[in-house]
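In what comes next, subunit A is part of two complexes: it sits with subunit B in the first one and with subunit C in the second one.
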Partner chain A sequence: MTAHLPETKRKYDLTFARWVSRNVHGGDKLNMCMQCGVCSGSCPLGEQMDYGPRRLFMMIRAGMKDEVMKSDTIWNCVACYRSEVRCPRGVPVTHILDSLSVVAVREGYAEAKNAETTRFAKAFWWSAKKFGLTDERLVTALYYFSGGIGEGIRKGMANQKIALRMIGKKRMHVGMPRKIKRRGELKKILAKAVEIENRNDAAAGEEVKS
Partner chain B sequence: MSKSYTYYPGCTSRSSSMHLEKSLRAIAPKLGMELNEIEDWNCCGTSVGHIAEGRLPNAALSARNLALAKDRGEDDVVTACAACFIHTHDANEQIREDEGFKADLNEALAEAGQAYDGSLLVRHVCEVMVKDVGVDAIKAQVTNPLTGLKVAGWTGCQTVRPFAATERGGMFDDFDDPKFMRDFIEACGAEAVEFANNTSCCGGSVAVISPQKSLQLMKTILDEAKEREADCVATPCPLCQQNLEMYQDLINKEFGTDFQIPVVFYSQLMAVAFGLNPLTDAALNQQMIPATKLVEMGTK
Partner chain C sequence: MSNGKLSSRTILVVGGGIAGISATVEAAEAGYEVVLVESSPTLGGRVAQLNRYFPKLCQPTCGLEINYQRIKKNRAIKVYTMTSVGKVEGETGNFTVSLNTRPRFVKANCTACGDCAGAAESEIDNPFNYGMDKTKAAYLPHAMAFPLRYVIDPSVIGSPEAEKIKASCTVDAVDLEDKEGSFEIGVGAIIWATGWQPYGAEKITQYGYGEVADVINNVEMERLAAMNGPTAGRIVRPSDGKEAKRVAFIQCAGSRDEKHLPYCSRICCLGSLKHAAYLREQYADAEIDIYYIDIRAHDKLEGFYQKLKNDPQVNFIKSKPGSIVRGESGDPTVKGENTITREIYANSYDLVVLATGMEPSARGEGSSVNLQRDEYGFVVPCVFEPDGMIAAGVASGPLDVSMSVQSATAAALRAIQAIAQGEGK
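Let's turn to the complex of A and B:
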């Protein structure tokens, strides 16, 4: 994909940069960015992104909320942390991208909700919450079918050989899912954490408005 | 003298990287590491949990593990999985640095009558092996040197980034060109070939979720391993091992290559070099691409 600057007729949302600074984990360090480009130059998948991190950070400053939230940059981050450790200004690049993905989903952007990573994350969370553990087999199946039956079958077929070899080497669990013992305890902790997260979100929303 | 550590194995130790777990368990006693599992540990959230439910619920997974670990009474929690390490370590550091976050997590933990104050140190087992055990002690256990085996040491990214060169990460190696894999390989008596892709990323979870995006990344790594005539690639990272091994067929199909390069863990090299059984102790019977030369070097 060729990187392009968004149209000039865009709508600015000038509170966006302030909002990011407060609500995105690590976002308060964004004002340290000096636009040197070390991050984008260090990124293994930079060429496949709409915008590299440097440009994305400039767009946050420019208040281009929609363009940032819809960009595929956040979904192509492989979390190798190379940009983060190399940034001469101590901007936690990976953490910011990571947190932006959470925000994009919570704000309801279709691009974010339908991203393959989000669908995978939902499948993963289901397993973590239900069993306390990742069941790689069930998570993968659930993810494959999250894009519809057709996609599920296509992806499943493409990976059948790999799955069978993994099972053959006893590296994929078959049979009843493994579970932690005190699942009720974990469920309660997670439910409370979700409640607190929502409470905090609502409070932060009020703060930006004021 | 043996030292006792609270140990967090992580989900993949029971499935896709069972061979890391088995070989690590086999070498640990020889290196004086006593690994005591956290009782009833749960998943760490990996690199996607936060996207499903947000940062706090995701960190709550780690907080429960840390609270249970704390109950054991030891100062350190050790893990061998790069993803478990990075997420548990990160959650722990955030609990230490952010009072509000700590209070929120403790409010959630209280639902199960638990609490955590951030006082533990989360460590990667490779850091423990470099700093507590020491390369000399590793060398001292070698009874079956892997003479003539050419190994490409591939550290990957998350084992060393972003924590390895920070004080709380143990200051044990460099972010960009860490040398501990080379030291481990040489301690085993094998030859560590030059490897410019030492910390190149395989695509991580993006490779699992959308393989097509990252096949090129893995191809670059395999290209160099082949060019350096490595008999195998060795890594500390479960996801690196799995991705680079399971996608070789797809890469061959996509790029017309003919890679069949075994990808093993450092712990499997050590198990063979320590004279343990190459198939059962080193768990080389669980490779999808057989590490034939290494198996043959094993003492049966």
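Let's turn to the complex of A and C:
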């Protein structure tokens, strides 16, 4: 996904909705939404979201670009897929929220960059890419300290007991990080994935121009 | 049994609900011979199972009664119950149709005295009340049955009980030797009035039908409210018989949903409004919540909606609920998001009614016949090349009773035209 967010001028500006429809995975299905509320009503985290999917989708239609990009709804989605399964109009709710969060980070919104989920995802991806496996210890540490040294120490201390019990139960590995055997192959697979994504985005970009 | 008298001027009507009955009398009163076949033991169809009709809340039985009289008076009409269509061959003006009959085990001289039911011991799920209670294995489908004749359930045939039932009949109307049969007729046009079935609420898994106690569907609500229903008209909850005063209605349960029925079933909004009226009549302190996407009181029925909207004890909540679960107290609890206030709610009720939609019953049955159907399974007319196959009532789309009757009258005219065209060939 490389296309950049459009500039929006008026209060109810349709360019943002159009942009989402073309550049966000599953965004083309958003025009099917009939605001019934089954998504927000099915969400296990519904009460902890500032807007919830239904309202967020209406805000996209209303052109409220900044509010959407800064919302925590896109970060609090745990991808349980309940809303997506129940949506009577076939809107891929989970995919849209996920894809919006990627855009928000890329566009440099501070709320998105500092979101816990972003920081965790970064740590997770670093380990997955480097070792082909996630190292619980390193991922956790990287995530804890991504909010600064103070926060890292505080979180680490708070969860010490759990960590020790996990080590005791052989749920957390100590020593050198484990790695998969053919990391070169993994690199190639990831490079291919990036290539496919770029190609798809280029095609979507063509569509926008036409 | 072949019927030599029937000719290409005969019209076959399949399905004896309000649409099939109306098409039959209209065509017959225009001078055509009509054969009406019905797969169940009685005419009347689904409307016989309704408590009352919106918007005037009148009794469905009264409309049926008038039509039964018209059928009885007209010698051009032949009615075959427990009969369904096997094969259809030929073309407009000249069809050969094979009809299959199921045994009733009771002959036409039955006086409907009920002695056989008195003699029967076994009980079966009562189909009239959607299995909410039991009926004897020798039974009259319901008080408005046509023909007014008992039926013996095949499950007792061959047992000593069957002999006892036979012996109890003083006019010797029980025939335990009755068998399945089939016969052929020749007709010029066929009207399909096969109606609908309630959409299977158990398929909407998040709504807990069949899992959470006191979650019922709207056809069951009709039976609960009816004097001739399982509770003699008392609207109580099935689990413990408690009066159902706090009641939720869930609109579009299965309808307007790509994963279930993609179309609006058109009658369920008015159905639930009517049910709210039943409740308000029965319990002065009833509190009703109607969960909806948008209320569709079609046609000229907006006034009925407005009337209930003005009732402070009937609440409208704009929300398609996410789920229905068993609450801590055991009551069904509806969870979702109120889309106006953006509040996440979990509300408990005595009873939750799923406003399920109408699915064409012709979908499965009679599928051996090559009928033109739309993507939802409703029978559509072949406009450019009339093929003598005509649909009426809910077999043609989700309609209420008055629209079904209109479509039946139109179908009768179409059938007559098809015959005229056939004769011109």
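Operating definition for what follows: the second predicted complex is superposed on the first by the 175 of 210 C-alpha atoms of A that agree within 3 Å, B and C clash if a C-alpha of one lies under 4 Å from a C-alpha of the other, contacts with A are read in each partner's own complex, and residues count from 1 in each chain.
Here is the rule we go by: a residue touches a chain if its C-beta (ideal position, glycine included) is under 8 Å from a C-beta of that chain, and two chains touch if they have at least 3 such contacts.
Computed from a prediction, not measured in an experiment: that's the story for all the values here.
Applying the stated clash criterion after superposition on subunit A shows that subunit B and subunit C can sit side by side. Within the superposed three-chain model, A:G46 lies in touch with subunit C and out of touch with subunit B [touch as defined at top].
Judged by the touch definition given at the top, the superposed model places A:V38 against subunit C, while subunit B stays out of reach. Within the superposed three-chain model, A:R55 lies in touch with subunit C and out of touch with subunit B [touch as defined at top]. Once the two structures are overlaid, the count of subunit A residues touched is higher for B than for its counterpart among subunit B and subunit C.
Of the two partner chains, subunit B is the only one touched by A:M172; subunit C is not. By the document's definition of touching, of the two partners only subunit C reaches A:R89; subunit B does not.
In the superposed model, A:E136 lies in contact with subunit B only, and not with subunit C.
Least inter-chain distance for subunit B and subunit C in the combined superposition, rounded to the nearest angstrom, is 5, based on C-alpha atoms. Shared interface residues of subunit A (contacting subunit B in one complex, subunit C in the other): 82, 86. Contacts from subunit C toward subunit A in the complex involve residues 206, 252, 256-260, 293, 318-323, 335-339, 342, 344.
Those residues of subunit A that touch subunit C in the shared complex are 34-43, 46-47, 51-52, 54-55, 82-83, 86, 88-90. Contacts from subunit B toward subunit A in the complex involve residues 11-12, 14-19, 40-43, 45-57, 59-61, 63-64, 104-105, 107-112, 114, 157-158, 161-162, 165, 175-176, 199-201, 203-210, 213-214, 217, 246, 249, 285-288. Those residues of subunit A that touch subunit B in the shared complex are 25, 44-45, 48, 76-82, 84-86, 92, 94, 98-99, 101-102, 105-106, 116-118, 120-122, 124-125, 127-128, 132-134, 136, 143, 161-162, 165-166, 169-173, 178, 180-182, 185-186, 188-194, 196-197, 200.
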